[in-house]
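Think of it as A, B, C and D in the order they're written, each chain with its own count starting at 1.
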Amino acid sequence: MSKDKLTEFNQQLQWADQFVKEQLIPIEQEIIHADFASVESRLAELRETVKRQGLWAPHMPESVGGTCQSLEALGRLSEVLGQTPIGHYVFGCQAPDAGNMELLAHFGSTEQQQTWLQPLIEGSIRSCFAMTEPDTAGSNPTLLKTRAELVSDQWVINGRKWFTSSADGADVCIVMAVTDEDAAKHQRASMFIVPKSTPGFKIIRNISVMGEPGSGYFSHSEVEFSDCKVPKNALLGGVGEGFALAQTRLGPGRIHHCMRWLGICRRALNIMIDYANKRQVSNRHNLGDMQTIQNWIAESAAEIEAARCLVLKTAEQIERLGFMKAKTQVSMIKYFTANVLQKVLDRSLQTLGALGMTDDTIIAFFFRHERAARIYDGPDEVHKNLVARSLLKNNLYQSSH
Amino acid sequence: MSKDKLTEFNQQLQWADQFVKEQLIPIEQEIIHADFASVESRLAELRETVKRQGLWAPHMPESVGGTCQSLEALGRLSEVLGQTPIGHYVFGCQAPDAGNMELLAHFGSTEQQQTWLQPLIEGSIRSCFAMTEPDTAGSNPTLLKTRAELVSDQWVINGRKWFTSSADGADVCIVMAVTDEDAAKHQRASMFIVPKSTPGFKIIRNISVMGEPGSGYFSHSEVEFSDCKVPKNALLGGVGEGFALAQTRLGPGRIHHCMRWLGICRRALNIMIDYANKRQVSNRHNLGDMQTIQNWIAESAAEIEAARCLVLKTAEQIERLGFMKAKTQVSMIKYFTANVLQKVLDRSLQTLGALGMTDDTIIAFFFRHERAARIYDGPDEVHKNLVARSLLKNNLYQSSH
Amino acid sequence: MSKDKLTEFNQQLQWADQFVKEQLIPIEQEIIHADFASVESRLAELRETVKRQGLWAPHMPESVGGTCQSLEALGRLSEVLGQTPIGHYVFGCQAPDAGNMELLAHFGSTEQQQTWLQPLIEGSIRSCFAMTEPDTAGSNPTLLKTRAELVSDQWVINGRKWFTSSADGADVCIVMAVTDEDAAKHQRASMFIVPKSTPGFKIIRNISVMGEPGSGYFSHSEVEFSDCKVPKNALLGGVGEGFALAQTRLGPGRIHHCMRWLGICRRALNIMIDYANKRQVSNRHNLGDMQTIQNWIAESAAEIEAARCLVLKTAEQIERLGFMKAKTQVSMIKYFTANVLQKVLDRSLQTLGALGMTDDTIIAFFFRHERAARIYDGPDEVHKNLVARSLLKNNLYQSSH
Amino acid sequence: MSKDKLTEFNQQLQWADQFVKEQLIPIEQEIIHADFASVESRLAELRETVKRQGLWAPHMPESVGGTCQSLEALGRLSEVLGQTPIGHYVFGCQAPDAGNMELLAHFGSTEQQQTWLQPLIEGSIRSCFAMTEPDTAGSNPTLLKTRAELVSDQWVINGRKWFTSSADGADVCIVMAVTDEDAAKHQRASMFIVPKSTPGFKIIRNISVMGEPGSGYFSHSEVEFSDCKVPKNALLGGVGEGFALAQTRLGPGRIHHCMRWLGICRRALNIMIDYANKRQVSNRHNLGDMQTIQNWIAESAAEIEAARCLVLKTAEQIERLGFMKAKTQVSMIKYFTANVLQKVLDRSLQTLGALGMTDDTIIAFFFRHERAARIYDGPDEVHKNLVARSLLKNNLYQSSH
């Protein structure tokens, strides 16, 4: 970014931060615990404000209706939005839609883009992404069970998926299914676009996650494909390209996610600081005078800063060198940041004491739902294995440039 | 215990373990997520089975209708019951009633015992305990705000409490209130017995804890005392004895709690082991073949065993030397076991992956609600301070005997 | 133990504790940094005192000249002795001699016992044990390279060993060598008794360990067997029984070791407490007023107590059920206690600050040399694997009895 | 740096890395365990090579004979040099001389610079820095005991210091002493330049640190000032400016140190990777196939990268905003990096197993001596307190820019 662009972007960031604090945080609890349908129009109004401000869909290029400046810029905005669970939705860059838009933008046919990408970018429809299966380990693609078979010009899909986030109310689902069982490990599967009304596609349930089934955008469904038929042109990308596409989807998405987590960390740390300053523990001391609390604040701040530097540098590397050359780095930021997040949330909760257990603050929500950070998009263990094998193969660790 | 008694008790434990596994675990999720009123009769039937088996109210001496053998025996049973969130309730030794019964048995007048202790032991009523306040740090008794003033033969109570667990549906509340602001730090407060129908006593709300307000027994209320008047004989123990009584309440209760946590650990470890054996991660390997999972299993097992030995030895010390001489040890088991619990639950959840985030297993329930273990009855930090100050004062650490 | 015996033993323990504090700790630094030969006579005098007190060779039964009461008693004495690096030597139960005596007592022929066991028990000679090899992973017996071949009535041994502790000055070496490469994994090796003067047996060097090659008893050698010939009756136990014997050697030895580590922990914690009480950090506060230091003291105390309960219970299990039935438990205490040791030493050192880095206290010695606790006799990773596989095989974790 | 400068600097870095690997690492063990005087000339030759290469004294500006490009450049070079304990010495930027040169360059009079700075930069003399005292907590300046009193035109210094690193053989000592007991906390002390031959200045001993007293440059002395008289112009900076100067000394020095630690981490991780690839644990697997080892490699790599990003960003902040505005950040990198260092060294040692305990690799040296990283220049606890108080005071955590 040029200096002028940067100054302008910093101002936009400040606006976003203020908007998050003044407009979104005050209503977040109400929104996430409401029936989603009942709050959708309220959120739509907030989205209009964002559009007017020129910050809508910050993950998509301006050419298709977004406002993306750079991956680093997106990351920094994602951090600001991450401070509230409703931030990304209001700015039009919420998962899983953001990833789906990226897929469609890169690999969609003109027709697919017109039908699905445009309304997604506009925010007039929602989508979901069906990959994880209840019965197979997501870490191993050769175990995937959902099948798509080409039968006289139609793909017939059969299988069961779960953690199909935001399926409830989504207009379309992108599903990963095995198209050639005998192909090489990473070429067995393909992606398909399935409109919600397709016969044979069914939402079984909104899974109760950490005590809450949620609804609408804030839910995770189990879905079934039962002789679900889609036309030939429902294929997204080429046959056997499912995993290649998925990786593309995850690459920049991980910067996005990690910065969102760091936004949560920032929020949690600020709540901790604020409470430590206010909560009296004796006539002369507040919690902030306790060395243990001070340790937690200082450790959290350092870990957050370190993770932030690492993620932003990785963003810069992806842009400079391409995702494939930054792959090891991208795995690193995943487990490093997810673990910082868990530690910071745990300390924040402990600082709040009994209050931290309640839904009177947002910490309990983050504590339980963001526990998933160490699991989805590849658990810690899988990413550590990837990083280690890469270093062992080179028989060398070198600092990145 | 004599050898015969021990053999008999071990058989009872086995019965309890089987009962927990066959009768309680299969219905636990339904019970804890139901409206409590709607499942109370079902639980009552199960309680009858326990009574017939001679294991009812295992924390109370036989003389008053319980089945207590020894603190160690109670601990070992508590561990078995802890494997399910409904275990203690079904055996009539659930918090906060268990502690309240102990208070009444030790300090209640004959009249108080007849009115409240008997029905509590029989399980025909429930009670609650109002101590923690939203606005003051529980760790410092001098900050307590709730007041009780003697006005012409009546105690007039004013204040606000929260985490008054199971207040919803309780027939009676024992409340801690300051009776002499100028008294020495630990002699400022007294306990009062407040029937639920007393004017001025009000349940404000069932606090939403980790996403769930719960209901009936499975809830935590915020309650208000607003010019709430009780007769002189509502005083439990003497004036200014509130903290002394509370300590009595907590002493054996902590053995009880720690062993319950170890029951949860046992359950969580067994779920982890079972899943690791079943879950395929490739054609040739299951999760249990992964060294990381093996590390978690082995670390959990060792930590659980160590905590268990420590808690049972502390039980033995309390019985042999009295609570006051085992006080430092009792603080130790609190933070040591609570932290083992948190680690084991975290590993179990991570082993389950996405499944661990769902309410399809009990792990997510334990993960979120038992986070409180490091907070209630004195947070880790307070107990560590007590232990350290005791060792520093003696300028000596000696192994306990 | 009977009550009388126990009372007597507790008095003996007290004597030992006082002896350690008054006679051994004041000279420990001088001894361990001296040329061993120059201090041997001084140590011999101290040994005489111990013999007179009736505490000599507490790991051996009275029938052969020792003073062993029970494994638990030995453990508790080992804890007292562990407070100084010279404790076990002065009481005649030092590694590796202690283990070698156990081997000879259990498996030695009458002749072997007369020649080697008696002088070892009397403390008139020293021995060493050559098992670990520099070039092969100790965790995997099939990799062992040292060979013993029977050539016309003589065993010809070839190979290289290291961490043959105390070889410098030892009169005899027990060595593990492969006698049948094609035998089943754990039946490939046998043990041999090699007098120091045997041609072909050579000490290559005292390995510099953590900056110190040491000397005499306080050293770890690399040794070479080069066509080293011993007579047929140098075989200890049967052919192929090497690993079975080694396990026997390690079983009770682990109680011994773990309790020694807990003695080190006790020392380190007491040094930490004492320093925290003395060291001023301001006009009004000493280190002990700092909450971080308090946390370390409290965490250390709880971990030590928990480990101690676990180890002593395991001792009781070994005696009651035999080593094989307590095997999983024995693995647990190894990694659990070794990790407690490392944590406690680290905290003690940090509490001492710059002083902790110096050899002005014993902490720096323990910090560097006891780092080995997580490595020798099976590293953490190997024992965790054993424990996990045992639990996974049973598909069940049950509390031990 | 301009692009050209950067390219050139990167080439210099590569040269340095190769030089470290080919010329320094092969002799490092010999050097650090030798009597320093006996190896000084060998090191001097290596220094000549560095001078010819134009990398000598990279912490000092070119104007005074150094080769400094920027703080970030210095940091990156320091990382390369940190891979061996002799790197900084050979490049003329070793502590404590580097810091002393910075002090003299900033605050020395022309005469002081001519007498001391020039020969220091040239590497023809060595210096030491006497601040830490055995009897007072370094964290609290009000406790400092060493006094300097102005008696008829001479400063008379009395007191005892330790961890006066490299005093053995140093030509000059900069000492911190209290000049006004009644001044404000940070204005009580001043710095003085004391030539080694000054009567009353005495090296008491080279402290045995982690088993090694060392010698010459590689030693840490306890020194005594006993009516040690220096002329008025021995004062460095103004009266009462001691702490202000010390801070200046520590600021950029911390970038320097942290990057050195990261160089050690890089070395340790590479040793771990290399050994994991080579060490067989079975016929089919080497250590690198073990998931635990993979976890350690991956966690180490991520932590090192994160720390590195954080430190380099802090270097950039110091240069852009000045040390005072980056102060909180500078405290963060201290404890964050020191803890990464300790974890990486511990994992590397454990990977090496028994070999890790020996001085056959450099890991054991780093393990014991770099334990000091969490202690000197302010222990973790002090820096955490500084960071926490700064955040609490602002009642806000904001990401740094």
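Here is the rule we go by: a residue touches a chain if its C-beta (ideal position, glycine included) is under 8 Å from a C-beta of that chain, and two chains touch if they have at least 3 such contacts.
If you want to know which protein each chain is, UniProt gives these names: A, B, C, D = Acyl-CoA dehydrogenase family protein.
Treat the numbers as computed from the prediction; the structure is a model and nothing was measured.
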{"item": "Mutual neighbours - chains that touch subunit A and subunit B alike", "value": "C, D"}
{"item": "Chain pair, B-D or A-D, that carries the greater number of C-beta contacts", "value": "A-D"}
{"item": "Chain whose Cα centroid lies at the greatest distance from that of subunit D", "value": "B"}
{"item": "Chain centre separation in whole Å, for subunit D relative to subunit C (CA means)", "value": "38"}
{"item": "Mean-CA-position distance for subunit C and subunit B (Å)", "value": "42"}
{"item": "Subunit B-subunit D separation of Cα centroids, rounded to whole Å", "value": "52"}
{"item": "Chain centre separation (subunit A, subunit D; CA means) in Å", "value": "42"}
{"item": "Residue list for subunit C, restricted to those that touch at least two other chains", "value": "290-292, 295, 381"}
{"item": "Pairwise touch network: line, ring, star, complete, or other", "value": "complete"}
{"item": "Residue ranges of subunit C in contact with subunit B within the complex", "value": "79, 262, 266, 269-270, 273-274, 276-277, 288, 291, 293-295, 297-299, 301-310, 313, 329, 331-333, 335-336, 381, 383-389, 391-392, 395-400"}
{"item": "Subunit D-facing residues of subunit B, complex", "value": "290-292, 295"}
{"item": "Complex interface listing, subunit D residues touching subunit C", "value": "132, 134, 136-140, 142-143, 162-163, 207-212, 279-283, 287, 290, 292, 349-350, 353-360, 364-365, 367-368, 371-372, 374-376, 379-381"}
